[in-house]
Every structure is written in structure tokens, then in C-alpha cells.
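Same chain, two partners: subunit A is paired with subunit B first, then with subunit C.
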Partner chain A sequence: MNISETYVRYRRSLGEEPLAIGVVLVALWMAWTLVSGLATGGIRVSSLASLVWDGLLRGLIIGLAGIGLSMTYSILNFANFAHGDYLTSGAFAGMATSYLIAGIGENSVGALLLVGAGGSVFGGAIGIGVTTSPVAVALGAIVAGASTIALALAIDRFVYKPIRDESGIALLITSIGVAFALRYLIQFVFGAGVRGTTAAGSVPRVNVPALDGTFRITAHDVSLIVVAGGLMLGVHLLLQRTKLGKAMRAMSDNEDLARITGIPTEQVIRTTWIVGAGLTGVAGYMFVLWKGTLGFNDGWLLLLLVFAAVILGGIGSIYGAIGGGIVIGLTASVSVIWIPSEFGRAAAFMVMIVILLFKPSGIFSGRTTA
Partner chain B sequence: MSLLEVRDLDAGYGDLQILTDVDLDVDDEEYVTIVGPNGAGKSTVMKSVFGLTTHMGGTVTFDGEDISGTKPEDVIHKGLGYVPQNENVFAELSVEENLEMGAYILDEVPQDALGTVYDRFPILEERKEQRAGTMSGGQRQMLAMGRALMLDPELLLLDEPSAGLAPDLVDEMFDKIDEINGTGTAILMVEQNAKEALRRCDRGYVLSNGQNRYEDEGTVLLNDEEVRREFLGG
Partner chain C sequence: MSDETDADAVDVRGRIDRLLDGDATLVLAVLGAIYLAYVLAGVAFGYGLRGQLNSIANLTFYIGVFGMLALALNLHWGYTGLFNIGIVGFMGIGVYVTALVSKPPVAQGGAAQVGGFGLPLGVGVVAGVVVAALFGLLVALPALRLRADYLAIVTVAFSEIVRFTMMSRTFQSYTVPDTIDLTVAGVQLFSFDPAADTVGLGGGGGLILNYPDPLEALLRTLFLWEPYLGFVGFVQRTLISNNPKPVIDGLVYGLLLLVGVGLFYLLLSRVGKSPFGRVLKAIREDEDVANALGKDTDRFKLTAFVLGSALMGLGGILWYSSRGSITPPSFRPNITFFIWIALIIGGAGSNTGSFLGGAIFAGLLYEGPRYMKNLIETAFELGDAPGNFGTAVAPMASLDPVPFVLYTLDSVSQLRLVIMGVVLVWLMHNRPEGLLGHRKETASSVDLSRPGGRDANDAAAADGGEKR
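Right, the complex of A and B next:
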């Protein structure tokens, strides 16, 4: 091979793959910054570990919320923009329950049910926490799931079902309307203030040593992992092992064939809402328990990341939602090593775009449910 | 009275009418084929029997019961099985799960029916863990038939079972259909491969422009001058 040929090949590869080269250069720069930072002590191993831990937990919440979004997308064929406000509803219903159980007797029932609207009761004062009030937290999570199921079924019955045969766009725009209605209804009832919900100081924690320091694991981190992991495993078993779960996969795969096989489609749709909304409500509650604050915008703000995760994973795939959630969560947290923390969310979307440029149908593309 | 009686059937999609006054009968254990040019409405007849089109007039009677306008998910309860032409397996599900879905309306998977399907199509048992979407066209066609046979239907509707198969598989597929018919299942089949289909069936219908044109024993149609010239390419 002579020099001019090599040159032509070199030029061609540059011309065809500018994006790939750009990505490789950025990745090299990031790796160099990280390694040199760690070597010189500019970046502490313990703070990196702490960011990774935080990103994983964030990713689990996004993933758990994403399963519900992905399931309704693959079976009902529309992107439900009200999904974020289902998270918020679950969080408020669950927290109202926890407040009521933990604070009854010393506070007015109304203030407890309104989750301390206007600073009437503080979650810290009544000791909300997985160790300080385990019964209140467990029941709160259950009520969060159950109430979100009831809400989703009611909305499906009165809003989505009558227009089920319309196009996905009509359903999508309707769901945006539902999202606004729910969000401002929640604001109307519970107020616009962001409140602290947990007794953050009394949550047990261990400091895990990491070379040059420690990073913190709290009891709420652990309960999030247990709940999210357990529910994800449960959904997996439901879809792979039960008759109804297999029917859900069949319907998401080929609705016409499902119908001529005798699968009752409305029953499958109802089950999808029950499972999806239940997971979403619990995800909303666990999110608020974990971060310790609650506001009427929480679910809406999380929704963009949930969408990013679901699209990244390959929309319609529950394993994609989990995988995508963890990638998005990790990126949003760990990116502060390279860029200011205000851009964490932007970084998550950048990663989504870059991955989709290389694999347009998502990481788990084409595998809707397996 | 026939097992399946279609009388004066008008049907189509939305406002678009495809079939006009179609009449068709299938007797118990009979093997009937519908042939005709592209766009004749052959598949639409099958879909109409299964409630997948807009019913515009006439009746579909099965086993003495009027089933016109019945929803697809209810038709299977009457004793009919249907293998559509395209996308006739659940690609994401395993072979065995596809067969389980075939018996969804029963409380338990019927092990004897599953055994019969595996005996008839041994390749399905060998590959029961495989994802259906990764199988070859011929294997998918067998799986689709197996799925429809899980409820041991009285009448099996087959839409273009030989479409897209390698030539050496086409004969095997027709042999399988003969076998299924031989065990007492009536067959209503639409086929592009008209000559082979007419040779094998008991009776045939020639459809064109959504209307009945000819009806007779398969071999009679096969030797009819006009049918040969107009529809079988001489």
C-alpha cells in the first residue's frame, strides 16, 4: 500500500466517521481527566464512589418508573405524558398515609392528610423514616401503589378508553392534558411548597471506607434497593412465568394475532395499568422517602429523565427501561466530575442522543419484553 | 346443513367494500380452497369469518349459529382456528409459549393437544425454547398451524400456507394439510399456488373482484377451459 492510498483511506475514515472520532476524543479526554484527577488527588476516590452510588439509586427509581411507562407504551401504543404526575400522586397519597400513622394523636388529622401543607406539620418532627416509623413507611408504600392503580384505572376508564381507537397522537395530547390537570389539582389540594418529609438526621447510616475517605450508605438507600429490586424481579416473573404475563407480551408483540387467539384484550389492558401504575406509585413514594423532600412538580421533573431512560433502553422493553434508567441515573450524577452540576440532566440527554446515534432503536432494541 | 355457511356476504374495511354477495360452504371434514387473482378478496373472506372486517350485510353461520359480527376474540370459542398469512406467530415469545397462547381460552394447557402438535411437527419440540422470531419461514408457518391446532378446531382457516416457502417445503406443507384434514378437521384455504391447491382439495371456489365466479370439485375446476385460461395461466 503506498502513501497516497493510506492518505485516502485516512481521509475517508475521517469523513465518514466524524461523529465516532468526536466521541472517542471526548471519551479519551474524560478518561484522562478522571485518571489524572484520581492520581493527583484532585478527584477523591471516595467522592467518585459516592457519586456512583447516588447515580445507581437514582437510576433504580428512574428504571422502576420507566417500567410502567414502557408497559403502557408497548401494550396501548401511546406515550403517557401523565406518567410523571402518577409518580407525584403516589408520593402524596403514600406520604399522607405515613404522616397520618406516624403523627396521629399529636397533630390535626387534616394537617397530616395534607402532608403538612403550609408548614403545619413537619415530617422530621413526627419521625418519618424506615427505622423510626417502619409501619408508617410500609403502609405508605402500599397505599402509594394502590391509590395510583385506582387513579390510573379511573383515568383510563373515563379519558383514554373512549378514544382508544384514535391515533397515538390523539392519546398523547390527551395525556398531556391529563398531566396538567393532575399536577395542578395536586397543587390546589396540597399547596405549592416543597416540604421535608423525613427525619433525615435520624436515618441510620454506615460510612463505607474507600481508599482516601468514606462514602455513606443510609437505611433509605438500602430500602430503595430492596423495594426496587424486589418489584423488578416480580415483574420479570410475572411476564415470563404467568399466563397473564405471557398474554401481555403476546399482545404487545402482535395485537391482532392476540385477539384471534382469544386473548381478552381489555383484561390485558387493565392488568397493564394495574401493574404499571402500582410500580409507578411505589416508585414515586420511594423517591420521596429517599430524597427526603416532596413537591407537586417532582414527578413532572423526573418524567423527562424517565422518558430518556425508556427511549435509550428501547421503548417498550422493560429490561431496557431498567438498563436505560441506570445509565441515565449514573450519567446525571457522575457527570459533575467533568461539568458543573447544573448540567447533570443535560449530560444525561447528551448520552442518550449519542447512544441513539449509534443504535437508533435503543440498547435493547427489538426485544420488547424478553 | 354445512359446517360453515356464508350467504350474501358483503364486507370490507371502514367504508371500502371488498366483498359483494359472496356465498361459500364448508361441510364437516371437507377440504375447500379459494383461488383467484390478487385483490380478489380471498383473504378478506377469511378475515370476515373471523370478525376482522367491517360486516356490511349477509350472514356467516357456523355449526348452525350466526356468527356474523362476532368479535375476533370470541370466534375462537366457537371451534374455528385461523392462521393468517403474515405475522402469524408471536415473534418475541418462545415456540412453546406460542403454543400455550393457542390454548389461552382453556384453564390449563392441554398436554394431549400439545403432544399431538409436537408429533405432527417434531421440529417444534426440538426448538421449543427458541424465540419464534428467529426461526425460518417454514418453521414459523408450522408453528402458526400448531398454534391454531391447540384447540383441535372443527374448521381450520389457512391463508396462503405455502407463501414464501422454499419449493421443497411447499409439498411438505401440503402433505401436512392433507394429514390434518385426514384426522377430521375441515379446512378452508386460500392459496396462490392454485393448481396444487385445487389438485389436493375436495372443492374449490374461484373468486374475482370480491364476487363468486366458479365453484366445483377441485379437479373439475382444474380441467375447466375457462378457469384455466382466465385464472390458472393456461
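Right, the complex of A and C next:
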């Protein structure tokens, strides 16, 4: 090792160490507060369990949405700021389908298709829920995925494909334009109001006993886990058992090389959009079903958390996206033990920033699987 | 030989003159066209003089703020290549700090409101700019090592954290102790009696800006307040009898903003042409090369980021401090993207382009659609718009497009953002360099174009001048 290298490393560590020490101190303080809180009864085990459960489910949604973002990020090499609005599109398309199936006959088709814009139909009144209207929910989820795939392919064809060779930054800026157009078109069509979408009262629930109380698990929680888990497993098998995963890895390494090796790059890109957008649309729908409200801003508000998850997990790794999603979801949810609840999302962003500073390639990096 | 050099010098000077003339003409032409369009729209609305002036004041305000902020962003992105999409965070910090410092103590502000420190507005503005710069440093210190897209995500996350902080109940209000004492070993070293009782960020309700009007404060400082009132009285007697003061206030404030744009422009041009600015441009072109040539690029990037953040803070102050109140929703990331669109329209890398982009964005995309709507509504007697998309589209089946048109007009404030998005995509497809970005100032201090001025496109000689 020569002198200049040593010098650079010395300077680097000077810059980084105070931060590292700070992070460790904060972590110790958090552990101490938690342990002492649990010991003295200041923090109840049941409320902690409830927060963890909530964070886990939130994390599954973020992870599911993150797979698509991670795949396009690594293969097309740009951060897609319109990804959040793909989530919203999926949610609206799926909910419109569910409303139509659950409420047809008693309500006007227009009001149902607009997901009750302006308070014309209420999701609670037509009984949207996984137990009360299982067919409507299942078809809604499928339509959510399918319509988001169609949307993403159309946008790719007309917006991203013509400038495929531009830099990642040019594509990023373009995607901001796409996000604006999509988000406010959705608002134009469906209105600005946030509507309740599910019959929240009639969703079956069980109270699971924790040491000093109970926490609640609803049927929508379970369906979210089933759907998210199933889709994640499906993607895993798809990428492991087919050549697609290998082709995607090759493309994200070097697109030109992949093309001259005979990989049909445009076809891989299309498949990437199909897989990614399908998962994103379903994630948007499950998110709305789970939280029970729907607004035109939902996807955009979730987008930064999805970015956080993808960066945390390492761009390009689907397992990283899932793991990162769960870490981010837990952070946003459980952090309210230590900080005021308004800062849950801020805490998740801070985790992302800290990861970017210390390990910009992500905590699961080096194990990119697709 | 000497004749030839003289001829060259004259030629270069002539070219610079032509360039300047061209720029000034272009700016004036664009501004003239925008103003003309607004005046004509005003005529169509049947505005009187008061209405016309009001509309012009409003337009000037937005041209001023967008021009200023696009210039500040140009320092980050156009000069240095720093992808900052947290602009609105710095703006918010600037104006919130100004409010905190300059708001009168709570006793004068009403019971529900948090107060401030009651210092003069000038102090508040300086404090706002300084704190925005400090936060710029805080963000830049760790973040500048990151790739451009990571920096983008970190900055937008930062601006959201700023907004959460503004909204949070935790910082809503804080009681200031009556005296702040510093006593060491029984000896009182320091005692300070702050005027403020409660300070805070006001939470979701925001802050009422109950300090003196910024324009009045400025004119009083310059001893121009009495003449100004005299002028207003004169206008009232001769031109506009119906309460002309708000309109004149708006116009004068708009003009001051344009002066501010001029100062931003001068500052940034000076910075750009200085050795410091040349290093920034070198970093934009290739950071590794600049580094290899012995420039501490981290340091240059840091300074540029902090300076730009301070200017963004100032831009935020000038935008919001003359409003009656500020609330957190005003500081959503949309504002950041507006400024980006303005910069991309004008062309990143060119100061003239940045201002032009700001003016065009403000005139056409930001305010234009609303005027278009009003124009159509004035031209045709139209009924009430339907309440939602469904009732708007349903009559289309019976070939009646009127409700849909009405709904579209009524939703113009949302559709405006759709138009912005489409314009941005179109620009990135067809003219990613913007209006003037092709004239991106190069990093070199000397003219690298081929001698004799035959090379019209001013390109730097990339082949080392071998292919004469």
C-alpha cells in the first residue's frame, strides 16, 4: 500500500468515524430504552408486538413493490420516480373492478368504476372485503396487476424506449414527468378525495395474546401475507428456474455485451416490466385493501419508502428488496417507541441515508440474484 | 502577424457583443411576448387598469421567484452536476427561520399562535439564509460522495423530513424561559432576557406571518416609505381611485424580485467565470479528471452546494415571506419539480437560459392554464361544471361534450400538472438541452474554438487542434 493510499484512507476514516460512533451510540441508547421500558412496564409487550406486526405487513407491501423498482433500476439503469404512481394506478384499477363486481345492480356503473368519486358509493356499504366479497377481491387483484402491466408497457414503449440509450439521469428526469402526468390524470379522473374502500367493521379478526395483552390480526393481514408470500416465491422460482434471471443479471452487468452474446435485450426489458409492474399493481391493490383507504397520492407517498428498501437491499437484488422492505417497514412502524409518531417515515429515510453513507451497495449486496 | 491578432481580437469582441445583444434581445422578446399575452388576456376579460396591473404584478411575482430559484438550481445542476431535488426543503427552512426570528412575541400575536423573537425582518432574512446554508452543509457533508441518483433520493428524503418536522406536534410550540442564565460556580457569567414567550413551527396549522410587511420594512429602511405613500396617493388621485395600494405594492414587490433575479444572475455569472466556477464546470464534465489535476473536488462541490442552498433559502423567503401565513403543505416536493422543469425548459448550464426557463414556466405552465380557463369562460357563457368525472363523461354517450369540457376547465389546476409532466417528457425526448443549454458555458477560461471565427458553433477543440 503506498503513501497516498494510506493518506486517503486515513482521511476517509476521519470523516466517517464520528458518524459511525454516533450510529453505534444511538443504537445502544435505543436498545437500553427498549429493554428498560419493557422491564419497567413503560413499554407493553403487546403494543410492541402490534407495532412489529404492523411493520412487517407494511414491509411486505414495500418489498413487493420494491421488486419491480429494483429490477428496472438495475436493468434499465435509472431510478423510476413514476413507480409510486404505478402503485396508485394498480390500486385504482383493481378497486374499480372490485367495486363493480361487489356493487353491480344497486349502484350506477359509472360511480362504481370511479371508485365512488365524490362520495357516490362507499366501499363499506357494498361490502368490499376478502371474506365478504372474495371474488371481487381476487379479480380486483388480478386486474390491478394486469392493468399496471399494460400501463407500464405502454409507457415504456412511448416514453422510455425512444431514449433508452440516454444516461440514467435523463431517464430519471423523464420519469418525474411521467409521475406528474399519471398522478394528476388519476386525480382528474377519480377525484382528489380519499375514500374508504373496505367494510372495515366486518373484516374477521382474532386477538392474539401477547404477555400483557393482545394484538389484532385481521383477515386482510392474512390475505396480504398469503398474496405477498406467494408472489415472492413465484418470482424466486421464475428467476431461478428459467434463463430469464441469468439474462437479467447479464444485462444489468453490461447491456452491450449481453446483446452480442445473443440475449434479446428488448425482450428481457419487456419481461422485466411485465414481472415488475404486475407485482407493483398487486402490491398497490393489497396495500389499499389492507389499509382500507385510497387516495391519488398513496403511491407517491409510499415511493420514497420503496426507494429506501431497494437501496437498503442493494439495487438489482430481489431478495434485497424484500429484506429491505421489511427492515424499512419495521423501522417506520416500530420507531415510534423512541421518537414521536410523526417521524416514523423520517426514521426510515434516516436508515436509508445511513446505509447509503456506509454501504452504498446495500446490506445484501454481493448476492444479486436478479 | 500583429494585424491578424488585432483582427482576431476585434472579431472575438464583436462576437461577444453579438452574443450579449442576442441574449438581451431574446430575454426581452420572451418577456415581452408573455406580458403582451397577459395584457391581451386582460383586455379580453375587460379588466380596468387596476385589474391589468394586478395581473401583471402576479405574473411578475412568479417570473421573479421561478427565475431566481432556477438560477440557484443552475449552480447545483448546471454548473456542478449535483442532482438536488430537495430544493423546497431549503426554501422552507429559509422562510420558517425568518418567521421564527421576526415574528413578534406571542402576546401581540393572539392566543392560539406561537410567537417569535421579534427581531427586525432584515435579521430574520439573514438568519433564514444562513440556516438554509447550514442545512445545505449538513446534507452535503455526507451526501456529496454519492452517485447522482442516490444524491437525488437523499435530497428529496431530506426535504420530506423538513416537511414532517414543520408538521409535527413535537415542534409545534416551545416555551422560552424568561431569562437564560449561565452561572458557573456561583458567578453569573451571562444573562439574557429573550423577548419571546413561545416559539415553534406551528405544526400542521402553520405560522401566521404577523411581522411588518416586507415591502414596508424595506422601504422604511431606505427612508422611501413616505415618498412611496405619496406616490400611492398620487396614483389614487389620478389613475385608480379604488384602493390602489395593494396593486402598487404587488407591482413594486414584483419589480424588486426582478432586481433580485438580476443580482442572482450577476452573482452566478461572476461565480461561473471565476476560477472557482471553472473547477465546478470541470467537475460537471468529469470529476475524476478534475480530481486528478489536483483539485479537491469534494471541497468545491461542498462550497457550491452550500452557496446554492443559501440562494434557495433566500428564494423561499422572497416567495413566501410576503404571504399572510405559511403552512407545511406549501412545501411539498412538487415545488422542487416545478423549478426543475423551469431549469430544463431554459437549459441547464446557462444562466440566461435558467431565467428564461423560469419566466416561460411561470407564464405558460404555472399561471397560463388558469388564464386560458378564465379566457374561455369569459368568451363563452358556460354553466356550472359537473362535480365528478362520471357525470362529466356520461353525456358524451349522447354526443354532448359540454359537461366534459366544463369539467376539464374546472380541473385546470390538476391538468396543469399533467401538462407539465407531458412537457417534461417531450423536452427530454426532443430537446434535453433546453432552450439555451446548447450554449453551456465550457470549463476553459480561454477561447478554445478554432481561430478565425469560422467555427460557428463555438465548440471546444477536442482533438487538440490537430485537424486544422
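In this text, the second predicted complex is superposed on the first by the 350 of 370 C-alpha atoms of A that agree within 3 Å, B and C clash if a C-alpha of one lies under 4 Å from a C-alpha of the other, contacts with A are read in each partner's own complex, and residues count from 1 in each chain.
Simple rule for what comes next: a residue touches a chain if its C-beta (ideal position, glycine included) is under 8 Å from a C-beta of that chain, and two chains touch if they have at least 3 such contacts.
Here the structure is a predicted model, which means the values were calculated and not measured.
*Asks:* Quick check for you: in the superposed arrangement, does A:Ala117 touch first (subunit B), second (subunit C), both or neither?
*Replies:* A:Ala117 contacts subunit C only, not subunit B.
*Asks:* When both complexes are superposed, which of subunit B and subunit C contacts more residues belonging to subunit A?
*Replies:* The partner with more contacted residues on subunit A is C.
*Asks:* May I ask you to decide whether A:Ile169 touches subunit B, subunit C, both, or neither, giving the answer as first, second, both or neither?
*Replies:* A:Ile169 contacts subunit C only, not subunit B.
*Asks:* Applying the document's definition of touch, where does A:Thr261 land relative to subunit B and subunit C: first, second, both, or neither?
*Replies:* first
*Asks:* Please work out whether A:Phe190 is in contact with subunit B alone, subunit C alone, both, or neither, and reply first, second, both or neither.
*Replies:* Only subunit C is touched by A:Phe190; subunit B is not.
*Asks:* Now for A:Ala346: first (subunit B), second (subunit C), both, or neither, which partner does it touch?
*Replies:* Touch partner of A:Ala346: subunit C, not subunit B.
*Asks:* Per the contact definition in the header, classify A:Ala181: touching subunit B only (first), subunit C only (second), both, or neither.
*Replies:* second
*Asks:* Between subunit B and subunit C, whom does A:Ala247 touch in the aligned arrangement: first, second, both, or neither?
*Replies:* Touch partner of A:Ala247: subunit B, not subunit C.
*Asks:* For A:Thr33, is the partner it touches subunit B (first), subunit C (second), both, or none of the two (neither)?
*Replies:* neither
*Asks:* Under the contact definition given at the top, report the residues of subunit A touching subunit B in one complex and subunit C in the other.
*Replies:* none
*Asks:* In the complex formed with subunit A, which residues of subunit C make contact?
*Replies:* 83, 142-143, 145-150, 152-154, 156-158, 160-161, 164-165, 167-170, 337, 340-341, 344, 387-391, 393-394, 411, 414-415, 417-418, 420-425, 428-429, 432
*Asks:* Looking at the complex, which residues from subunit B come into contact with subunit A?
*Replies:* For subunit B paired with subunit A, touching residues are 50, 52, 71-77, 82, 84, 87-93, 97, 100-102, 104-105, 131, 147.
*Asks:* For the complex, which residues does subunit A have touching subunit C?
*Replies:* Checking each residue of subunit A against subunit C gives 19, 78-79, 108, 110-111, 113-114, 117-118, 120, 159, 162-163, 166, 168-170, 172-174, 176-185, 187-192, 304, 307-308, 311, 340, 342-343, 345-346, 349-350, 352-353, 356-357, 360.
*Asks:* For subunit A, which residues count as touching subunit B in their complex?
*Replies:* 243, 246-247, 249-250, 252-254, 256-265, 367-370
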